[in-house]
Structures are given as structure tokens and as C-alpha cells.
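Going in written order, the chains are labelled A, B, C and D, and every chain counts its residues from 1.
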Amino acid sequence: MSDTTLTASVPLRWVGPLHITGNVGDIETEVPLATYESPLWPSVGRGAKISRLVGPGIVATLVDERMTRSVLVRAEDAQTAYMAALEVDARLDELREIVRTCGRFVELIGFHHEITAHLLYLRFDFTTGDASGHNMATLAADALLAHILKTIPGISYGSISGNYCTDKKATAVNGILGRGKNVITELTIPRDIVRDNLHTTAAAVAELNVHKNLIGTLLAGGIRSANAHYANMLLGIYLATGQDAANIIEGSQGVTVAEDRDGDLYFSCTLPNLILGTVGNGKGLDFVEENLTRLGCREEREPGENARRLAVITAATVLCGELSLLAAQTNPGELMQAHVRLERDNKTAKIGE
Amino acid sequence: MSDTTLTASVPLRWVGPLHITGNVGDIETEVPLATYESPLWPSVGRGAKISRLVGPGIVATLVDERMTRSVLVRAEDAQTAYMAALEVDARLDELREIVRTCGRFVELIGFHHEITAHLLYLRFDFTTGDASGHNMATLAADALLAHILKTIPGISYGSISGNYCTDKKATAVNGILGRGKNVITELTIPRDIVRDNLHTTAAAVAELNVHKNLIGTLLAGGIRSANAHYANMLLGIYLATGQDAANIIEGSQGVTVAEDRDGDLYFSCTLPNLILGTVGNGKGLDFVEENLTRLGCREEREPGENARRLAVITAATVLCGELSLLAAQTNPGELMQAHVRLERDNKTAKIGE
Amino acid sequence: MSDTTLTASVPLRWVGPLHITGNVGDIETEVPLATYESPLWPSVGRGAKISRLVGPGIVATLVDERMTRSVLVRAEDAQTAYMAALEVDARLDELREIVRTCGRFVELIGFHHEITAHLLYLRFDFTTGDASGHNMATLAADALLAHILKTIPGISYGSISGNYCTDKKATAVNGILGRGKNVITELTIPRDIVRDNLHTTAAAVAELNVHKNLIGTLLAGGIRSANAHYANMLLGIYLATGQDAANIIEGSQGVTVAEDRDGDLYFSCTLPNLILGTVGNGKGLDFVEENLTRLGCREEREPGENARRLAVITAATVLCGELSLLAAQTNPGELMQAHVRLERDNKTAKIGE
Amino acid sequence: MSDTTLTASVPLRWVGPLHITGNVGDIETEVPLATYESPLWPSVGRGAKISRLVGPGIVATLVDERMTRSVLVRAEDAQTAYMAALEVDARLDELREIVRTCGRFVELIGFHHEITAHLLYLRFDFTTGDASGHNMATLAADALLAHILKTIPGISYGSISGNYCTDKKATAVNGILGRGKNVITELTIPRDIVRDNLHTTAAAVAELNVHKNLIGTLLAGGIRSANAHYANMLLGIYLATGQDAANIIEGSQGVTVAEDRDGDLYFSCTLPNLILGTVGNGKGLDFVEENLTRLGCREEREPGENARRLAVITAATVLCGELSLLAAQTNPGELMQAHVRLERDNKTAKIGE
């Protein structure tokens, strides 16, 4: 391995500003998107503009946050695995104490288990302050696992990760049990703005959403997902803010809902698995520090507040891009025309999917 | 939107070299990995070293390549949708001609459809030379859709993308019908190298693979996926080579197989959905050009050859990182110790998941 | 094992008649439903009545039919597996001849393969006349497998079934590649019939379908499925007509679409995996013979015609029950009231789910 | 609808006896299987014989039991949905009291919720004594829903079932959060019994299980499932004991684990979603009453004890059939030969899948 650290310099632009309200705060900010797909910038920009035109802007509701790690232990048999699971459950207070010794910001807040044959999967939930929490969770899980193996008979080490966490894999468990921030964004757009700024109608967007995102993804064999391209916006903002962008995999699993409300468009993106943070890995780089600062995510606040701010900004950015692409796809040829025009302008050319 | 293009400069190192053989060629090359998670470098490096110690190195078999786009049309009813599907199927030669007008490198090679209620999802398969092919496929699909709507009665425009493609979403259809390069990598490691270089045994890795990757992912509700962290390696090489890294989402769906063969370890990673190219978006940047050149992927070759070379290099890199992490996880505490050591050395600290 | 064959006598009633049109024929028939859940009878009956009130009745479009079996072979390595797959593909004519020797009604019509590591899954598609075709397909696959193993080097027996068929398991492959009959049923119900007979509105049913069947199932982690209770109707008619009712598992994977068309209700059920037949196992029993005869499915017809008739009758029955339950669930308390009333009348009481 | 209730008389035989131990009791009993697929009888019989040859027999561990119903409410927006969810959670004691008024045997034991856009899915868990509990759960959920709508502002009726329960659909939520009985069965078979009675080896069964049940199902796009044919055994015993056999759909989702332990075969079936009861719908029929009595499931016991007994008997029966089929599939041609022989003997002929 070379000792020289080079860089991959991904083009980045600031887009917006977006207007966001909701239970994390009233926010008006531009957002940085790093991407090789430059049409993403005007696409998100179009949504951002609408967020500024509409009363409360994008309303973001953060409904959960946790980081998880599942360890795997092997028992002599199912009965022993079952006894061990009951024992872990009975000792949660004790385990909570052990986790407290692992760091100032990490706390054990939940536990779930599942047994298959003689295998016991123990999934622990933690809060991790402003960090995305991979490392804190692994460190804590390591301590918990060592303690459990030492004090509960009949079981042995299986793995520090049993893939039931689940990290960087698209599964159902994260959405059902929670992992990362769970943020719902909503925007209700008056009929005339839908017509003038999105060149479409609420009915057309609502119908497309059912046919494409809900039924199309279902037929493709999707798992807990119904959207056009959350992944694009997530990648852009994750790279720009020093996140582990491989977490766009679970991040990409979310649900777009669009409703025709008497001609106005109710548009919502639910992102149950937003893994991100404002401290930790990747955050020490100068441009990351600058970007986070400009986003207002490096302020002196209660632990977790900066990360929650980043979460709702990210989720709102996703809504902007999703709205823009869906609106474009209601019109035959629009996507391709945008593509050709942007290609000419930018010498690069992929929009949306 | 700002007019200034900045950059997100993701740290990058060259790792290896890897030794690769198989049906795309005999390759020995270092690989560039751009990541905020620096422990990824020594992790992949460990696998790369083993690839050089073992006879044929990593054997990579490319078994398929195609890019797809599904369009959605709405029919008056199911019977009309069915008639339209039959008609499209009957006219494939005609459609092939239309696609030929869309570009020198794009060719229609397959077609699949599915009907639900009055909705008809038409999924077209293309070869796209050395490009990943998103744009070519969209351009061709746009032309096909226009032609189909003009010449087949009873149907109307639904969407240029019906999410049955499927792009940047984790689904089952890509693996079953194909999308991107489908590459299988294999490495058989003698018992003493397993012991000395991976500090484990073939039996331990094989057992862990069943318990964690196969059963653990299954319990998590995964879809067509059984691996520890393909996403990490894919992200690193995608960023370094100018790929649309949002395609790690389908790329992350693959299957690790590990077998104890009389003490030797047979280790294999199957990546059915590798979306990548050596020309097109993102490839004009200087560092990308340099990286692709150093990888030997900018040579004068038959169209598609450079992209296939990049595909097997990428798949082999995935194997290196997957092998290294799984081996580490067979030993209690090893992951955490590596983490702490690397954290001290690199001031950054996440390995694997 | 006891030598005495007893019976489980499942209560059965004839419901209807239903009126069905479409590409299999114009059919008016009652349908037999065997079930321990007697409220199913009036529930389906309500839908059947509407099918008679509406012009063309339920329009059923059969768009595909095939039975499949996947065999598994183990190759020395991926490259050998790939060569074997190409070889099988090249010899399809030869394989077709072998299948012809396996029976008068079985014919090889398709082939699909997938490789993972050194494992090769070969999925063969057959037409099987009026039989559901499990046995014909297994017999033919056995002959094909023996021939392949004898004539293609480097591969050995893995399994006569590799679970990629897929039989009696809920997966994505059956819907994507086809297995059983694929039938789409549609019924457009005028606004006043929706109001008078279903006590609801098209808008309410359409909205419920999106919220419950599409989004609810998605959140639950469903796979290629969006319906309320196809399984109930399928079980009833499968038991009544001598089918292997374990095939309700893939049968239960289907998609309900409901649309408000200016106050009229467009209602559609797509059942891509209907496994059934009118000859073969279970069909020799007297009551089965009587039921099939009364359904008009034991006539002298071209091979396959009787089974296709049974398929559309089954699919239309599913629509009747699905429509009735969804309509009921739009009204708070209606399901429970029906339940209590029927419980009093029938001394038994479960409706729908 | 006809007023006459007829019957579908499904052939039934008693198979066994099976020997079962574990945390529900020491049981030796024959089991009744109603099926049109007569080869199922000797197949299960072979497994049953082995259960009698091996020390503790089949060890069954029941690790959970609950019945669930999810209701759907629509909120004005996500924030209101979130407030409502918190409110429901805060009032669980109050809700528990309401459920107590719904019946002697029903008790609220858990609650889970999920929000998407402005939709709130409330999933309630109940114990239901010896009943499978569909009706009790629906009745209780109806009361809870009425109470919630009356006392929590900003929400309105969505559906009495939001498909997040999930009933008779294959999803991930049931396995992760629990629904029905969760039973793990294990049998360790000495090497010579594997050879003499199953005509195979532990290594061959273990390898087949990985290649077919784990990898094959994964490639097929299965969801939380890895087995050959649980559905067949479940259907047989469900019909024989008056269960709602449409619940084989979630029942069919389970995981087979097979390990070669120094030549002995460790074989295990985990069935996380066994929906069944010994009272309620279908149980009033004479033959059902007789069958349940003969199974020892109509004794005077604590509420729930009879149902738990039936659950472990059912799970053990599943193991017998699964073991027998997998063993057969390790040998080329054996399945087909058994088929032909049994066809001749029984004039009917499908075994396993």
C-alpha cells in the first residue's frame, strides 16, 4: 500500500437555499452537493426554490434516532440460546452501566434479539450524540459481548457483527426496529406553483408516484422502498459533509407519498435510516469542517442537536431532488431534453436516475 | 445555486497490487480507494497480498453485461397492455434499428415486460460499450418509447422510468434479469496462508459466512444479498474512477461463499450488478483520467474491453476487503483492536462495517 | 403410519354466480369455496353479485402460463459453471427433444440460469397441458439433469431442486420470470353500485388501497405483493378443486389496483403465480371431479383450455373477495359488525384477514 | 350463495408417532396430515421414525407467542402522527384496561408503531389463550382504535387493518417483531442413522442446505426464508386440526439449519410465525375435535397450554418432512424414484416441493 494520501476531488456546488421548519428548528440554508452528475444541482435547486415559495417551507419531523450493532453468539442449543436471551434482557441495567464506561456520548437505549437454531442474534441500540456512531456502537458492543460471554453460560463468540445491525446492506430490519435518524419531510405546494414551477399537476405527480415508485418498485422486488432517486441526493450531501457514504445504501430505502389535495400537491419523503453525524470520521478535513460550519452544524449545542440539524437538512434536500425528478417524469421527453441541454452546458449529463 | 464549482476532496490511496486472472485477462495492478474510512486501505491491502501469494491469484469470471431502462406505459385495460407487449416483442428487429440511430455504442439486446392491472412495464437491455450506459440507455429508451406510443394503439405515456430498471434501488430484478457487469471472483487459499496471513482457519471463515452473511442477512430481511461490506470497497473505487457512486446500492447486493476444502479456504464473491464504465460522466476530470490510465483502463481496445477490465479489478478489490473483514471477525476483539491501533496511527478509525 | 385413509371434511359452499369475460371466454358460474372461515362465503358473494350487475362482468386476461423447475449443479469453479450454462443454452433444441420423451403434454419453452460462486442454477420452463405440472416438470427436469451431467464436463449433481423454481415459497423470481398462470382481472363499477352495494366510494377504496395494500405491505417488508387477502379465496377454491393448496403461498403474491375514475371504481387484481390444474393429483376424488365438472372445467377441449378456464374463474373469485373486504374496511366498525352478525348466524366468524 | 354446506373431503392419515421433548413437554404422538399429496405421509413418517430412534427425540423450544393486529390512522401531518404515537405509547396502561373488557383470554402485551408521511401504523400485540386469536385481536383492535380516535386529536380512521399485522402475506415484520408461536426444533442424528435411515451423510445434507435453502432461496428473491417445503407439512396439519390454513403463508417463512458435527447431523427448523389454536373457528367440527383430542390438545390445562402443545407438535412435524426431503435430494434420482414407486402404490404422486 502506498503511504501517500492523494484525493478524489469530487465536484461540489452549493444549492438553494432551502427553507425548512419542523420539530428540529426553522432553518434557511444552502446545501453542498458533491457529485459527478452535475444535473443534480439544478434539479435540487428547483425543489429548493419551491421550498422558499411555500409558507412553512419543507416541514421536517424527526421521529427517532439510534445507532445499532448486532452481535452473534453461538449457543449449545436453542434452549440455551433462549435462556441467554432472557438473561441479557433481565440484565439491561447492568449492561447500560458497562456501556457508560465506553464513552461520554454513548448510551444503551434498546435491545432486540432473535434466535435461529442454536444461533442468538443480539441487537443493541445506542444513542451516540453528534456522531453517526458506528465506532461507538462497535466499541460498546465489543464490551457488552465480552461481558455476556464471561457471565452467561453455554454460549460462545460468534461475531462482533451478525449482519442483523444492519450496516450498509438493504434490509427490512432497520426500518422496522430503527437505525439512524428517522425523518419525515412534507411540502404542500399550491396548484399554481405546481403548474408554473414544476410544469405539471398534483394529479399527475400523485399518479406517477403510485405507478412508478410504489408499484414499479414492488414489481422489481424492492424491499421497504418506494422512491425515484433518494440515493443521488444522499450521496451528494454525504460526500460534502464527510459522512461514510456507503450508508446511502440503507438511506436509499424510503417512501415517497404524493397526494392531489384539490389541485394542491402534498409531497412527502420518509427517510427512516439516515446515518450521519457532525463529529467523528471524515469530519477533520478542512473542507468538511467548512461545509458543516456553513450549514450551521458546528455550533455549541446540546449533544445531538447539530447532527439532528444535519439530518433534517439532508432529508429536505432529498425531498427537493425527488420532487423535481418526479415532476419532470410526468412530461414525456422532459428528462431527455433537460439532459441534452445540461450536457451542452456542463459537458456532463445525467439527471436523476 | 452557486455558479462556483468547488470540490469534496476525498482521501485516496493506492492499495495492492492485486493479482487477477480469468476470462478478462491476467492483471496485476494497484487499485485506488477514495474513502473517509482509512482502515479500509490496510484491510484491502491484506487481501491483495494474499492474491499475490496464491497461484492464479483471484480468478475473475465475467458472465454478463448490459444496461437497462424500463419505461412505463398506461393502457386502456390489461388486454390492451397485453396486446401492446406482444406487439413490442414482435417488432424487436424494428426497435433494434431505432436504437442504432441513437449512438455508435448502444445496442438493444434484450426485452422483458410485466403487466399489472392496465400498466405495462417494458424493460429494455442494451450494451453500451465502455460506458456505464445510463445516458445511452435513457436516450435509447426515450426513442423507443416515442416510437411505441406513436405506432401501437391504446397506450399512453406513463414514465420514462418505471422503477423496474432498477437504478440505485436495492431490488431483485437486477440480479435475476441482469444489469451492469456480472462478475464472480474466486480465490483458493492454502491452509498455511489462511493461518499465517489471516490468523484464522478455513472452517472458521466458512462457518462465519453461513451464520453472519447468509443467515444474519436473511433474518434482517435482506433481499438477494449475503455479504459483510461490499459497499465499502465499491464506494472507494467508484469515487476514485469517476463512477456514479449511487450505483453502489445495487452493487452492494452480492453473495459471499466460503468453503473449507480440506483446510484450504475457497472464497468467492459474486457481484451481479456492477454498474461502471471508463468513459462518460465523471471521466473527464484529471485525477480520474490518471487513475483509469494507471489501472490500464484507457488503452486502445475493442469497445467494452476497458470497462470489463475495470469491472474485474473492482470485483477483485471487493473480494480482498471482504476476505479481510470476515477473517478478522472470526477472532473476538480483533476488529476492535485493529480499530484502536489504526485510530492511533491515522487519527481516523472505522474498519469494514 | 396408519394404513387407513380418513378425511378432513372442510365445509364448502357454492357462491355466486360470477360473470367473467376476457380472453379465455365468457363464463357465468358459481364457485365452490371450502373453508373453516364461513364469512368468506357472503364476502365473495357480494363481489360476485356486482360482477353480474356490471356490463362485461369481471374481465380476465390470461397473459402467461408455464411450470418451472430449477436444478442445481456444482461446477469445479465459476468459469466451468459459465461454460456449462452457455452449453445448455446452445443445446436447447436437443433438450427440447429429451423433454418430449417425458410425456405427451410437457414441453420445454424456456430456460434461465444464474451462477453464484461455483454453483449453477438452471431454471427450466415447461407447458404442461391441463395439469398444474409439478410432476411433469420434475420428471422432465430429472431427465434433463441426467443428460446434462452426462454430456457436459466439469459439473456434478447438486439438487433436483435448487429453490430457484420457486415452489411454495414467497420469492421474487416467480413474478419476474413467470410460474403458473398469470391472470389479470378488472372490474369497473359505476358510482351508484359502489354506493349502494359496497356502501363506500371509489375515492375511499382507491385511497385505502394505496395506504394499506401498497404502503402498509411495503412497510411490513413484503415482497412483490400488495393485497388484503388473496390467500383466503385461493385456499377455498384450491381445496374445492383438488389443487395442492400449499401453492397459495406464491399465489398470495399479487397486486390490487384501485382507481377513482370520475366516481366510478376501477378495481383490478393481478395474480402472476396461479398454480393450478384440472387433471393430476387430487383430481381423482369424486367431489373434486363433480366440482370441476360443475365449473365446466372437465369438457372436451384442447389441452390447457380447461386449466385456463379454472385459472380465470379462480382469479375472478379472488377479485370478488378482495373488493368486498376493502370496501368493508373503508368504513369504521363494518368489519367487526359483519363479524358479530355472521358469528351469530353461523357460529363461526372470521372475515377477510 | 347456496344455503347448503357441502364438504371438501381431503384425504387424511395419521403418521408417526413422533417423539418430542423440550420446554413445552415430553410428547409422543402420531400426527394427522390432510393432503392431496399422499407421498407426504411416508416422507414425514421417515422423519418421525428417526425422532424415535434418537435419545431426546426432537427438541422443541417455544420462545415467543403473540397475535397482532395493526390499525391505520391518518393524521393531518407527520408531526400530528408523531404526537399521536407518543400519546398511545404513554397510555398503554389505559389501553390494556380496554382490551381486558374485550374478553377473558385476550391481553395487550406489546405495541409498535411506524409513521410514513402523515400515516400512522399502530401494531398491537396480544396474548389470546388457546385461540390463534385473529378474532380476539380484531375485536380488541377495534375497541382500541375507537378509543384512540375519540381521545387523541388530529387523527382519523384509516383502516382496521393496515397490512402491517401481517396476516396471510409473506413479509419481514412478523419474524422481526413476532406473530404467532415462535418454535425452534432440533434433532441431532448419529452418523449411522443418517446413513442407514436417510441414505446420506451429514456433510451432504449440510452442503445441500447451504446451496439450496440458503443460497437458492436468496437468489430467488426470498424474504426471511430458507427451507424446502415447510408449507406442505403445515397445510396437512392445519387442515386436520381446523386451523385457518391461509396462515401457512407466513408459516412457510422459516429457516432450516443443518450442520455436520463430526459425522453426526445437527438438523434444525425455526418457525417464527406459527399461527394456530385449539379453540375458535373450525374447531367445532367433529373430526377436528377428535383429532385435537387424540393429539392431547383438548385437555384441561392452563389457558394457552393446549395451543403450545399443538405448536410444538406442528413444528416437529415440519422438521420430519423437511429432513426427509432434504436427505432425498442429496441423492440423484431418489426423489423421482420415490415418486414413481408411490405413484404406482397410491395412484397419486407428489413428494415435497
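Keep in mind that, in the parts below, a contact is a pair of C-beta atoms (placed from the backbone, for glycine too) under 8 Å apart; a residue touches a chain by one contact, two chains touch by 3 or more.
By chain, UniProt protein names: A, B, C, D = Hydroxymethylglutaryl-CoA reductase (NADPH).
Values in this document were obtained by computation on a predicted structure and should not be read as measured data.
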| item | value |
| --- | --- |
| Angle of the C-alpha superposing rotation, subunit A to subunit B, to the nearest 5 degrees | 180 |
| Subunit A and subunit B: spacing of chain centres that average the CA atoms, whole Å | 21 |
| Averaged-CA centre spacing for the pair subunit C and subunit A, given as whole angstrom | 37 |
| Subunit C: positions in contact with at least two other chains | 114, 116, 119, 171-173, 175-176, 215, 219, 221, 223-225, 255, 257 |
| Overall pattern in which the protein chains touch one another (line/ring/star/complete/other) | complete |
| Complex contacts: residues of subunit C adjacent to subunit D | 1-2, 4-16, 30, 32, 34, 36-37, 41-42, 45, 70, 72, 74, 114, 116, 119, 121, 134-135, 138-139, 142, 145-146, 149, 157-174, 176, 208, 211-213, 215-217, 219-225, 227-229, 231-232, 234-235, 239-240, 242-246, 248-249, 252-253, 281-282, 284-285, 287-288, 329-330, 332-333, 335-336, 339, 347-350, 352-353 |
| Touch list for subunit A against partner subunit C, complex | 172, 175-176, 210, 214-215, 218-219, 221-226, 255, 257 |
| Subunit D residues touching subunit A - in the complex, by the definition given at the top | 22-23, 59, 61, 63, 77-79, 82, 85, 112, 114-119, 171-173, 175-177, 182, 184, 186, 221, 223-224, 255, 257, 266, 268, 270, 272 |
